[in-house]
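What follows is a set of structures for review.
Here come two complexes built around subunit A, the first alongside subunit B, the second alongside subunit C.
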Partner chain A sequence: METINFEDRFQEYVDSEQKVEPKHWMPEPYRKTLIRQISQHAHSEVVGMLPEANWISRAPSLRRKVALLAKVQDEAGHGLYLYSAAETLGADRSDLVGDLLSGKAKYSSIFNYPTRSWADIGAIGWLVDGAAIANQVMLCRTSYGPYARAMVRICKEESFHQRQGYEIMLSLCRGTKEQKEMAQDALNRWWWPSLMMFGPTDKESTNSAQSMNWKIKRKSNDELRQEFIDKTVPQAEFLGLTIPDEHLELDEKTGHYQFGPIDWEEFYQVLKGNGPCNKERLEARNKAHDDGRWVREAANAFAKKTLERKGENSAA
Partner chain B sequence: MSDTDNWKIWEVFVRSKNGLSHKHVGSLHAPDAEVALKNARDVYTRRSEGNSVWVVPSEAITASAPEEKEALFTPADDKVYRHPTFYEIPDDVGHI
Partner chain C sequence: MENPLLSYTLFLADNSLITGQRLSEWCGYGPILEQDIALSNIALDHLGQARMLLQYAAEQKGEGWTEDRLAYFRDEKNFRNLLMTELPKGDWGYTVMRAFLYDTYHFYEMTGLLQSKDEQLRAIAQKAIKEIRYHAQWSAEWVIRLGDGTEESHQRVKGSLLELWPFTGEFFETDEAAIELNGRGIAPNYAHIRTQWKAKVEEVLELATLERPEDGWMQSGGRNGAHTEHMGYLLAEMQHIPRSYPDAQW
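Our next item is the complex of A and B:
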């Protein structure tokens, strides 16, 4: 008699490119991996609003201001879609948010860097959203249905984020000498952290192989990073800016850019909480949560009152 | 966390334009239906995705279990006579 265990059957199902849906049987580690990944992704969207919000009130024109407001609002929406996707796996929203606020949960390290000048808003849209898009386009084909659907929504909204960023860079690069220097300075500071967004190299990335097997991830960190570099270098050339990497060189044979070593020590330091803004970001999130408490309480009180009134009316 | 932070879940359905059905787009948390509707507007229709929204408490939905899939849906698989192509009509008859 042939026995096939649940794990094997699940792997076969995933291998046949079918989507896993909330109530399906799934291996516990698959569920746990997804909850961790989706909630970290959600936290990143939420914390990601902070560096950009820093410039909303100082945007140089109304056109830039409405665009930035809309972008930051989108990121809040992305966080919400993702928390909802995590909930379909049985995670509790308040636990997830609690873990972010207590500092237990991780979010993308990139948001622990400061936004010093207006050009940083351009660089973030162009590079940080650009890198996020590379990852999210891949995740549209992830094996977990609700995650894949959230990604499709998110990707539709992201393309404006990157374009508004590149447009800011373009205006600065076509402006005065000082403006172009601002743009170059922003590129210098955001380039390497953007490359780190794809995570450790394939050799160092311990969980990657299992995630690829389960088709949660469809491309490796190094593959995505290379794709991003190949796409971005010509965009920098168009701006007339220099990528801060003396080793950067097009390999004619492969058609891919070779690039210099990434400072992984910096990556792990920021991840551990020692980045320039880790503390500030967590404080800002906690303050926002606490300051909003009265609104939630008022909404609760109002909901209760409305329900009571309805009860009185139908009783009468 | 306090119950202030733990509102119930609502499923959101959006009609993208008149003539089409409402389609499930996701979920959200809200203390009551009215706030759920307002949140749904902000979260799921920021780009004219629809002209009508439904919100339904998740707990009000009864779903079939994946294990019941065969019992529920395979009986339809062998009833080919429910499809027009099952019936043989000569081409000469024209469109029918």
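Our next item is the complex of A and C:
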């Protein structure tokens, strides 16, 4: 009797560049990997609102205030699409949020750094959104259909955010001496954490090989990091800012920038919860959730009453 | 006295600006992601309206005034917003109750301005009215949901309503500028707005199983720049960067 190996057939299907859809058979580890990755991504969008929301009330012009508020609101929207994408895999949004609040689930470590000045809003848009886009453009071609489609929508908005961030940096760099110092200081603080956003080096990355096979990922961490650096260095030069890396140098042969060693000890410390704002971020999410409990209960109670009244009316 | 049209434009502008500033404090902290988005959207509408009105006020003032100079370089005593708009955001119930009382008023005010003989105010009202209709519906729905939700939510919004009520009298005060502008067909008749507001508020409160508080002593002063203690903190936070770097462009 011939036995059909589902795993092999799944791999053939993915290799033929077809999208996996929610009702298709998929290996359990594929499902689990995706739920973990998509929900982490959703959590990152939601936690990522906090460092930027920090500056909405203090934005230095009304135009900037409106743009920042709209941007942070977009991040909430991205969180929603992504939670929905995770739900197509059988996950439950409230469980996923529960894992975030308990500290079990991870989110992007970059959001555990503080936003100290208005220039940080520019630097986040330019660098953090820039790094996110490098990753997300790749994910537009990921093998899981709902995730790929969510990414297409998200990428459009993210590139708009990145332009806004760069435009803030440009205004600062063309401004007064203090403004330019503010911009340089923000670049100094956000540069290395942005490079860490791509994750550990390929040698150290534990999940990467399988994800590449399943075409969840299509480029390695190191490839994406290099792309980002190559794109960003000329942008910094245009701003007249100095990237805080004395080893940074264009390799004429390859056309790529060589860069100095990344402090992975810092990366793992922030990941473990020892970053400057890990505690605040998680506390803020928990407080919002706890403060909102009575509101959610009331909304549910009212919805139930309304349904019952409708039932009574149609019975009568 | 400042010219009445300028004074009235700033009154409208400051109500929108301070409301937008307060509501935007919820961004990232809503009780559920969907409502975080909804409230941020509403805050954006108010800020958008504030910008149009401040640009119009700046145009009237001339001499290098801009929307940002009006927002960031006026002192507290020159802000004309209603006291209610500057009160701290409170809990979600307080925020939606305030929004409901104010949005309902704002809706009738803007409906009146659709007939304004001032072309700019009329154009702004035409642009804003759809947004404001949605705000008023959204906040009324939340008042009903919380009033008729659980015992806890009922008690909470009941308390918010009692706290906020003394700030509703100021909505309908008419100063000299407002009387003159009403006479010229520029500003609506606030006595008329009051009648419409009262009827709508009573209708919604009844659906929310809440009692309308008795009219007692009403707080007043915002229009003349006599603000609550909260206003200073709000402005300190909002204005501090442009004031620290007065020569900078952002």
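Simple rule for what comes next: the second predicted complex is superposed on the first by the 312 of 316 C-alpha atoms of A that agree within 3 Å, B and C clash if a C-alpha of one lies under 4 Å from a C-alpha of the other, contacts with A are read in each partner's own complex, and residues count from 1 in each chain.
Here, contacts are C-beta pairs under 8 Å (C-beta built on N, C-alpha and C of every residue); 3 or more make two chains touch, one makes a residue touch a chain.
Nothing here was measured: the structure is a model prediction, and the numbers come from that model.
A.B. asks: Thinking of the overlay built on chain A, is A:A299 touched by subunit B (first), by subunit C (second), by both, or by neither?
C.D. replies: A:A299 contacts both subunit B and subunit C.
A.B. asks: A:H24 in the overlay: touching subunit B, subunit C, both, or neither? Say first, second, both or neither.
C.D. replies: first
A.B. asks: When both complexes are superposed, which of subunit B and subunit C contacts more residues belonging to subunit A?
C.D. replies: Of subunit B and subunit C, C contacts more residues of subunit A.
A.B. asks: State whether A:K65 touches subunit B only (first), subunit C only (second), both chains, or neither.
C.D. replies: In the superposition, A:K65 contacts subunit C only.
A.B. asks: With the two structures laid over each other on chain A, which partner does A:Q73 touch: subunit B (first), subunit C (second), both, or neither?
C.D. replies: both
A.B. asks: Using the superposition on A, tell me which residues of subunit A are in contact with subunit B and, in the other complex, with subunit C.
C.D. replies: Dual-contact residues (subunit A): 70, 73, 77, 80, 293, 296-297, 299, 302.
A.B. asks: For the complex, give me every residue of subunit B touching subunit A.
C.D. replies: 1, 3-7, 9, 25-32, 34-35, 42-43, 46-47, 63, 65-66
A.B. asks: Note which residues of subunit C are touching subunit A in the complex, please.
C.D. replies: 17, 21, 24-25, 27-37, 40-41, 43-44, 47-48, 50-51, 54, 67-68, 71-72, 91-93, 144-146, 148-150, 152-153, 156, 237-238, 240-242, 245, 247-250
A.B. asks: For a test of understanding, state which residues of subunit A touch subunit C in their complex under the given definition.
C.D. replies: Per the touch definition, subunit A meets subunit C at residues 46, 49-50, 53, 56-66, 69-70, 72-73, 76-77, 79-80, 83, 118, 168, 171-172, 175-176, 178-179, 284, 287-288, 291-299, 301-302, 305.
A.B. asks: Can you check the complex and tell me which residues of subunit A touch subunit B?
C.D. replies: Checking each residue of subunit A against subunit B gives 21, 23-25, 70, 73-74, 77, 80-81, 84, 87, 92-95, 97-98, 149-150, 153, 157, 293, 296-297, 299-300, 302-303, 306-307.
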